[in-house]
Structures are given as C-alpha cells and as structure tokens.
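Multiple structures follow.
In what follows, chain A forms one complex with chain B and a second complex with chain C.
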Partner chain A sequence: MGDYAAGIVTLLAVNCIAAMGVSLFTGFTGIFTLGHAGYMAIGAYTSAILIIKCGVPWFLAIIAGGFVAMFFAYLIGLPTLKLVGDYYTIASLGLGEAIRLVIENWNSVTRGARGYPGIPRYTTMPVAVVFLVLLAIGMFFIINSNYGRAFKACRDDYVAASLLGFHTSRYRVLSLAISGFYCGVSGALLAGFMSFIQPVMFDMAKSTELVSIVVFGGLGSMSGCLIGTAILTLVIELFRSISQYRMLIYGLVLVMVMVIRPEGIMGANELNSKTVRHMLSRAKVVARDTVARFALIGFIIGLPLSYCFQPSPVSAISLTEYLRYIPSLLFGSIKSGAPLHSSVAPGAASAVLIVCAISAFLTGIAGYIIKQLKKIDDTHAAQRGM
Partner chain B sequence: MSSHLELKRVNKSFGGIQAVRDMSFSIPKGEIAGLIGPNGAGKTTIFNLITGVYDVTSGDIEYEGRNINRLKTYQVVALGVARTFQNLRLFAASSVLENVMTAAQYHHKYSFFEAVSHLGRWSKTERIIRDESMELLHRVGLADRADQSAGTLPYGLQRRLEIARALSLKPDLLLLDEPAAGMNAEEVATLNDLIVKIHEDFKLTILLIEHHMDMIMQICHRVVCMNFGAMIASGSPEDIQDHPEVLKAYLGEEE
Partner chain C sequence: MGSLIQQIINGLSLGSVYALIAVGYSLVYSVLLFSNFAHGGFLVIGGYICYYALLKGGANIWVASLAALIGSGLSAVAVERMAYKPIRERTSVTLYMLIASMGMSIVIENIFVVTIGGRFRALPPVIPMRTVNILGVASTSASDLLSLAAAVVFLVGLQLFLSKTKWGLAIRAASYNLRIAGLMGVNVNMLISLVFFVAGLLAAIGGIFLSARYSLYPQLGVITTKAFVAAVIGGLGSLPGAVVGSLILGLAEMLAAGFLSSQFRDLIVFGLLIITLIVRPTGLFGKSVGEKV
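Entry: the complex of A and B
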C-alpha cells in the first residue's frame, strides 16, 4: 500500500475513534454536542507536551491524552448534565471554543497559535488501526451491556429511566467522560500523525464535522457512525484533486442522505445480518423506483472495473491515482502539476465511457436480480400466510 | 397489619393551583387499594409525589414508617417501589425483551470494566437478566413477541409490558396508573386475573388508579376516592359504591 493510501487509512481510523466517542454521547445518550473538538485538542496537546517536554513514551502519552480529556469532560459534565435538556449543548458551544482559546493564548505551555511542531510521528497506520480495533471492540461491548441499556433508557425517556432506578445524570456524565476519552485518544493520535498541531485544527468546524458524521451514519448506531466516517473521510480525501469544490460534494452527500434517509445511513440499527437483509429489501424498493439509482450503483461498480479494463496507456498509474483522477475528469478542473502520469488523459476519457457502458449493463442485471429476489420474498410471505 | 404506605396531610401546589389538598390515607401491607376520582382529580399527581417525581409542598409520605418526602426517584425505587404510567413510557424503539432487561438489570450489576471487556461476571449476569426478563414476559403473555419493538405492540399489550417492566424491579409496592385504560371488557377481565395473580405470587402491595369500576370492585380491598385534589371518601369498595359524595363527584348534584 502506498504512503498516500496508508495516510488515508490512518486518518480514517483517527476520525472513527473520535466519531465513536461522539456517537456514544449524541447517538446513544441523546445529547447534542458542538464542542467535542475541544476534547480532541486536550488529548492532542497533552500527548504532545508529555512526549516532548517530559519524554514520556508515546504509547503512554496517547493513553494519558485520553484520560486528561476524560477528566475535563467529567468536570464539565458535572454541572452541565445535572439538568435534562439542551443545557450541555449550549454550554458545549462555548466550551469547545474556550478550550481552543486557552490553548491559543497559553504561550508558555502550548506555544500559542503558531502551533506545536516537532511531535514524533508515532501514529503509523498499524498503530492507528490497532487503537481503532481495540476501542471499537470496547465501545461495542459497552453498548451491549447494562451500561448501553442504561444510556439508551436515559435517552429515550429519562423519567421512566429514573423510575427504573437509574441515576440518570450520573449516566449522562459517565457517557460524556467515555466520549471525552475517545476524543482525547483520537486527538493524541492525530498529533502523532500530523507531527504538528495547531489550535485552529480543533475549531468549531471540527466539532460540527464530528456531529454531522454521527447524524449521517445514524443516531444510535455505532456501526453507522463508522460507515459514516468512512464515507465522509473518503469523500474529502478522494476529491482532494479538486480542492476548492470538494466541500461542495461533501455538502451534496450530506444533503442526499438527509433527503433519501433522514434517519442516517443505518438509522438506529447496528450492522448485522438482519439489518443487512432489511436494508437490501428496502434498497430493492428504492432502486426499483429510480433508474438513476441503478446507474449510480453501476457507476460505483463500474469504476474499479473500468480501471481493470482500461486501455494500455493508463495502466501505468496506480489505483489510488486513478481514483483521484476520476473526479477531476468529471468536473473538468485538473490541478496543474498534479502528480499524474502524463499519458493519462486520452485513456481516462475512454475509461469514463467504459464506466457509463458498464453502468447501463449492470442496471439491467441489477433489475433482473431484484425481480428474482422479490419473487422469493413473495413466496416466503405467502408461506407465512401474510 | 402494619401500613405499607401512608400519606399524612399531603399538599402539593403548582404555583397558585393546589393539585393535592390534605390527602391522608394508608395502605396496609399486602392489600390492593384503588384510587379513583374524576379526570383531573390529582390521582396521577399522588403517584408522582410518592415516586419522587414531584416534591410535596407540605405533609408527609411514609413508606414502612420511614419518611420519603425528599427522596429522589431512583432512591424511591431502591426502597422497592415500582410504577407504570398512564401515558405509556416504554422505550418504544427498543425490543420488548430489552425493555424488561433494562429494568431487570437493577438487581444484577457488574463493574464497568467487566462491561468493556465482556469478561468476568458479564456473560453470567447477562444470562440471568435475560432469563428473568423472559420469565416475566411469559407471565404477562408477551414471550412470543420478545423481539418485536415495543412501540409496535397493540395498546393493551404495551400496558402489560409496562407491568412486566415494573415487576422486574422486584418491588414490594406496585403503583399501577390506569392499567386498563383503552381496553375492552374481555381484556380488562384477563388483566384482572393478571393483577390478582402477581399480587399473590410476588406478595405485593398494589395501589392502582382506574376508571373501570367493575375492576375496582372486583379486586380492590379498599378504595380511596378523590376530587379536586382532596379526598372525598375512603373505605371498602361496597361503601364507596353508595357513598353520596362519590356519586356527586361522578354524576353531579341533583338540582
């Protein structure tokens, strides 16, 4: 795997960890937050300072970053989560900015707005992936335990929850502390990935991005938040070649989900065989209605296929380069000096043609398969006497 | 028999509105008591006062001789009080089983680290919680719908689910807020049987709010009737039935 791809995977893992934290708090405990980038900043700076000033091993520094962020989250949660309602959300608006501004102005420790350079690059792809896997397992385990049920109970109906013996505000604070830990670890990993951190990296926009990822993936679905992070991170990264327009596509993707699936990609379901079957059957209905969506599916499958069957001049470039090149082709804005093979252009043009041809072909096949699946479904329904 | 729950001159006002006025009654241990009264009489407010959702303005609520005026909801639960709600408060998106498990876990705890790692007591405790919940679902006749999401159940079954959820807290005192609301006569009859049965099997004291008078007459040992926040009569169901004040409250006064 190339450096570029490894970088994307690392960044993806880092984002996933932060998104899981926000998902627990917003999706499972039901409190919106607009300041979680602040906890990432705390984690990042803690880890950076510990490594550079105190010579702490990076592994311990990451964990410490998580725990310091968790501690701050706990302190902030105590007064703001006592009450039910949007108090924390309003407070978090200011808190995220307050944490950033403290870091920006505390020159002696954080070196202020110029940023904190010279952090060793300890976040390699394996490190990030191992952290992601461990933290994801932990998160799924929490959700499938009495704590997960308690969080959901507090979210769905706090009066009922408190009359089932839950000290609801304590669970809200616990949820915030755990999510602070995840964001702290994520920030620490980000510091080791970038090797340079700056307060502006953890601004309001980052906080909003975290929430939008979670809403995009589906509130109350941990696998949804991972899928959402993957899609949105890839949208940003793949379209880097059309830098000024990529946020347009980012917005477009968000709007599309809002229109097509307002409950988020996964809704409140986790990714398991039952949901996949359900989603497939839903997708069948949706797809049957719109031919355009067939074309979309065809395009997604056709893209890698067109790469495999591309005319000879293009075969010299790697898959990632090819993927990065497709958007600039479609949107007609090729960045000068893009690191692409010079002989790409004629090949790529024909590649797009192939993509379209294949999508049309796949549209037919997909339609046929869906028809068959529908038949099977109907038979089952008839057998069940429905 | 000693009194299980006793209200002594309890008052509750919301701003200028006095919702409960000088309510005093007591329920002996092991009885089924009914709380009746026209709509807006303050019955549910009494429940909210007992369970700590509201604080009393003045007066005392005693549970087994202990003053529980200032206790928070979850502390009242710890004493052994469970309740259902008039306007159902199920976790609608969760499955039927999960609804009961959420409550059943109250008596089966494990540490946070066992939850994160799924080691130690986790698997055993989760199994116990699940088994207990399933048993309760069997009891209320919802076992075959365990995986359905609670919000999609018919109304009558949702009420039964609320009872199962409350029972999983292993209470001594069960407060039922209009368990038969919206049910037809047949459903009410089976609910009657259920309530009588759980009353015996779990050795419960039950206080229930109800508008179905035949239900009150059949299963209650004593009845408290209130109107406009104040008690107007109390006694055996037979006494209440013919009480002039009660008739007045329900039927209006003769000109």
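Entry: the complex of A and C
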C-alpha cells in the first residue's frame, strides 16, 4: 500500500474515532454540539506536551489526552446540561472558541498560534486502525448497555425517561464525558499523524465537519456514522481541486439531507444482515422506478458530451463517424485492440465510457432527488387534505 | 476618567449592535425553539446589499440602507421557506432545523466567497467617523453614537410593534405556544415569515454598522456567535434579556480591550458565558426551562 493510501486510511480512522464520540452525544443523546473540535484540541495538545516536555511514552500520552478532554467535557457539562434547549449548543460554540483562544495566547506552554512542531510520528496506520477497532468495540458495548438505552431514552422523551427514574441530566453529562474522551483520543492520534499541530486546525469548521458527518451518516446509528465518515473523507480528498466550491456543496448537501432524508444514510438502523436485506430490496425498487430510467437518459446525454470532451486524437473525425465507432468501442474493440479507425485509441474508448457513466450516475441521482421531493409534496397534500 | 467614559460609550455602542442581532435571533428562538445559525448570513447579505447599492447603484445612505433592510428581510423569509418550512411541516424535531440552519449559514457564506470573492471591503465613508466631544470629558466617534441611536430607535420600534399591533400580539401568543396560536386562528406560516422578516431586517442594520466599524467580508457572520452568547446570558428566547445581555457583553469586551489587552476580549466574553451558566443557568431573564414533568 502506498504512503498516500496509508495516510488516507489513517486520517479516516482518526476522523471515525472523533465522529463516534459526536455520534454518541448528538445521535444517541440528542444534543447538538458545535465545540467538539475543542476537545480534540485538548487531547492533541495534552499528548504533544506530555511526550515532548515530560517524555511520557506515546501510548500513555494518547490515553492521557483522552482523559483530560473527558475531564473538561464533564466540567462543562455539569452547568449546561441541566437545561433542555439549545443552552449547551451555544455554550459549546463559545467553549470551542475559548479553548482555541487559550491555546493561542498561552505562549509559554502551547507556543501560541504558530503551532507546536516536532511531535514524533507515532500514529502509523496500524496504530490508528487498532485504536479505531478497540474504541468501536467499546462504543458497541456502551450503546447496547443499560447506559446506551438510557441515553436513547433521554433523547426520545426526557419527560418519560425521568418518570421512569432516570436522572436525565446526569446521563447527558456522562454521554458528553464519554464523547469528550473519544474526541480527545482522536485529537492525540491526529497530533501523532501530522507531527505538527496548530490551534487553527481545531476551529469551528472542524466542529461543523464532525457534526455534519454524524448527521449525514444517520443520527442514532454508529455504523451509519462510520459510513458517513468514510464517504465524506473520501469526497473531500477527491474534491481538493475545486476547493472553493467544496464548502458551498457541503452546506447544500447538509440542507438537502435535512429536507429530504433527515434521518441520514442509515437512519437509526445499524448495519446488520436484516437492514442490508431491507436496503437491497428497497434499492431494487428504487432502481426499477427511477434510477434506471434516468440513467438511460443520462447515457443518451453522455454520448454527445463525450464527443465534445473527447481526448485530442479523436477530434479529427466527424460526428457521424464517431457515432459509428461507438458500438465497436463498447463491444469488443477495446479488448481486441484493433479499432476501426487507427486514431481511435483505447484511451478515447475509456473516456467515452467514463463520461457516459458519470452523466448516467448524476442524472440517476437527480431523478431520485426529484422523486423524493415529489413524494414530500404528496405527503403534504395528503396532510392538508385530511 | 475620560478614557473610562469613552470605553463605556464604545461598549454601549458595540453592545447595541449586538443587541440588534441578538434580538432577531431570540425572536426566532422564542417562536420556533431552535437556534437559527443562518442569522449571521442575513447580516452579511445586508452588508453586501448596502455596499453595492452605495458603490454601483450610486444611492445615498438612506436608500442603500432601506434596500439592505428589505433585501435581508426577504432573504431571511426565503431561507425559511426553502430550508425550514419543509422540515417543520414534517417533524417536530427542532434538531433537524438547527442542522439545516448550520448548512444554510455555510451556503450563504460561500455563495459570497464564490461569486464576489473573500477579500475584505471597506464601506464608502457614508457614516460620519469624525470624533465628537461629549461635555468636554470624553471624545468618541460619531458612528458609535449613531449606531447607539439607531439601535435604540429600532428596538423601541420593535417593542411598539410587538405590544401595540395585532401581529405583535400574535407573535407574543406564538412564543407561548405556536400550536395553540395556530388553533386560535393565527396564520402560522404568515407569522413565521413575518418573524423571519423582522429578524433579517434587524440583522441587516447590525451588518451595516459592523461593516462600517470593521470591514465587510463573507465571514463577518461569525460575529453573531457573540450575539448568540449574549442571548444565552440574557436568557434564551427573552427579548429584554437579549438586549441586556448584549449591553453587558459589549461593555465587558470594550473595557477588557481598553484596560487589559485586546487578546483577552474574546476570552472575557466566553468566560462571562460560562460564569452565567454556572451561577444562573437560565440566564438573567430566562424562562424556567428546567426539567419538569
């Protein structure tokens, strides 16, 4: 595996750990947070300072980073989580910024805004993956324990939960503390991966990214949050070249997900054989209904598009000639390596295929979205009719 | 002594700008019970409309401000119609609207980044910046006094609107219980649009004064974070609380900048937030929202 791929897998594992923490708090306990990057910052700086200044072994430093972040989360949770409503959300917004500001201005310990260099690169791919697996197993036990059920009860109906004898605010604080631990460990791993940390890395954009990953994957689904992290991390890597549109698309996707499918990719379901079977059968219906139809249209649009954007060797031939080659391009001649026209290289053939596939895919998605929007309209009409 | 009075005036003027933003945010919160993070976007829209009306349209400051107020109000209504209405008609989970508003705030900010570019722009010098001497003890800039006066005018206007008009009554009823207000014959969709229009309008005034005070850039909306903090200090959903919280915040920020160090001003703001939440969790004027059955 190349260095680049290993780097992406490591980054993915680090992001997954933080996303699991946020998922526990936002998805399972139902409180929105905009400050979890602050806990990552605490974890990152704690482990960096412990390793460089105190010579602590990196493994212990990571764990310490997690626990320090957990302690701060607990302290913050005590006053803010007694209340229902958006009090914690606003406090977390302020808190995330406050942590960043403290780090930026406390020059003697954190070296300020210029960042903290020279952290040993202890986070290799195996280390990150092992941490991810261990913490995921831990999270699995937490959400299936009595505590996990209590968190969900606080999310779904805190009045009913407190009637059943749950001390709801205490459970909220506990959930925040655990999620702080996960974010702290993730931050410590990030420090070891980058070997250089800076307060700007943990600003509000990072917090927003964490929470939107969780929303995208599905509130109340741990596997959904892992899938969401994988998709979004890869998409962000792919779209690095058009970075100025990236955030715009990001925001639009967030709004669209909330309007069309607020439960995210997975909803509150976990990835197991039952949901997979259910999803497959649903996918079949969706494919039959819309995607196939729109994909056909996309293919028809894709052909002329591929003519316009074809690689240079083919540009000399006319459109009719080009269209005549398509069957031979698609069937056989790619393999045989003997195209009808000498200038139609295999590269051109694959370009045709790629453009067709992309436009078919895009129109398929567009069709699905149109259909979903129509469905929403229908439900509204039905509700009004009642 | 002179510098103390000067810092107090500066603080009050900054606080009054925060108050305009915080009141709009609180108004939306009191009716729909969710934090509208796109509120900062309305401020930026107002600022840019004013900037382009002044620069390209050749309008004078009054026309430009009016255009900014109306444009920002209408865009707030449009955001509500596009992003929040489909959600609130389907579920009562306010978390979804909160996340959608987060998305809208990213969208608005980046629409400006992509189309106009992220560079800093200075508003043409239409708001007088000359120093004014107050009774010989302190001097302050005219724009500070002007923003203070504008905030007072608009907040009094809002208060009159809420207490004297029929729609004001409807909004107050909706802040107790939106559902029952709907059952009593209030057109809820119209009411929510109105609330968003008012919120956008107030944010635009804040936007104009902030872009005159600092400068105009797509991320200017981040400043609303402080208005949110002010609203929480005053008590979420309470309008007098939002005003008082904003004034406290503005004063604290300016006094910290003047007498400690300007690095501390943001820390002081968040420190105040944490202290308020520890001492009096519902804020100064907050309704009791503790858990009760």
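Here is the rule we go by: the second predicted complex is superposed on the first by the 267 of 386 C-alpha atoms of A that agree within 3 Å, B and C clash if a C-alpha of one lies under 4 Å from a C-alpha of the other, contacts with A are read in each partner's own complex, and residues count from 1 in each chain.
The working rule: a contact is a pair of C-beta atoms (placed from the backbone, for glycine too) under 8 Å apart; a residue touches a chain by one contact, two chains touch by 3 or more.
Model, not experiment: these values are computed from the prediction.
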| item | value |
| --- | --- |
| Partner chain in contact with A:138 - chain B first, chain C second, else both or neither | first |
| Which of chain B and chain C A:250 touches, first, second, both or neither | second |
| Contacts of A:94 with chain B and chain C, given as first, second, both or neither | second |
| Contacts of A:152 with chain B and chain C, given as first, second, both or neither | first |
| Contacts of A:32 with chain B and chain C, given as first, second, both or neither | second |
| Partner chain(s) touched by A:166 [first = chain B, second = chain C, both, neither] | first |
| Chain C versus chain B, contacts on chain A by residue | C |
| Chain B versus chain C as contact partner of A:219, first or second or both or neither | second |
| Common interface residues of chain A - those touching chain B in one complex and chain C in the other | 159, 162-163, 168 |
| Chain C - residues contacting chain A, complex | 29, 33-35, 82-83, 86-87, 89-91, 93, 95-100, 102-107, 109-111, 113-114, 222, 225, 228-229, 231-232, 236, 263-264, 266-267, 269-271, 273-274, 277-278, 281-282, 289-291, 293 |
| Chain A residues within the chain B interface of the complex | 138, 141-142, 144-147, 149-150, 152-153, 156-157, 159-168, 220, 268 |
| Chain B to chain A touching residues, read off their complex | 51, 53, 72-74, 76-78, 82-83, 85, 89-94, 98, 101-103, 105-106, 108-110, 112, 114-118, 122, 125-126, 129, 165, 169 |
| Complex contact set, residues of chain A against chain C | 26, 30, 32, 34, 76, 79-80, 82-87, 89-91, 93-95, 97-98, 101-102, 105, 158-159, 162-163, 168-169, 204, 208, 211-212, 215, 219, 244-245, 247-248, 250-255, 258-259, 262, 376, 379-380, 383 |
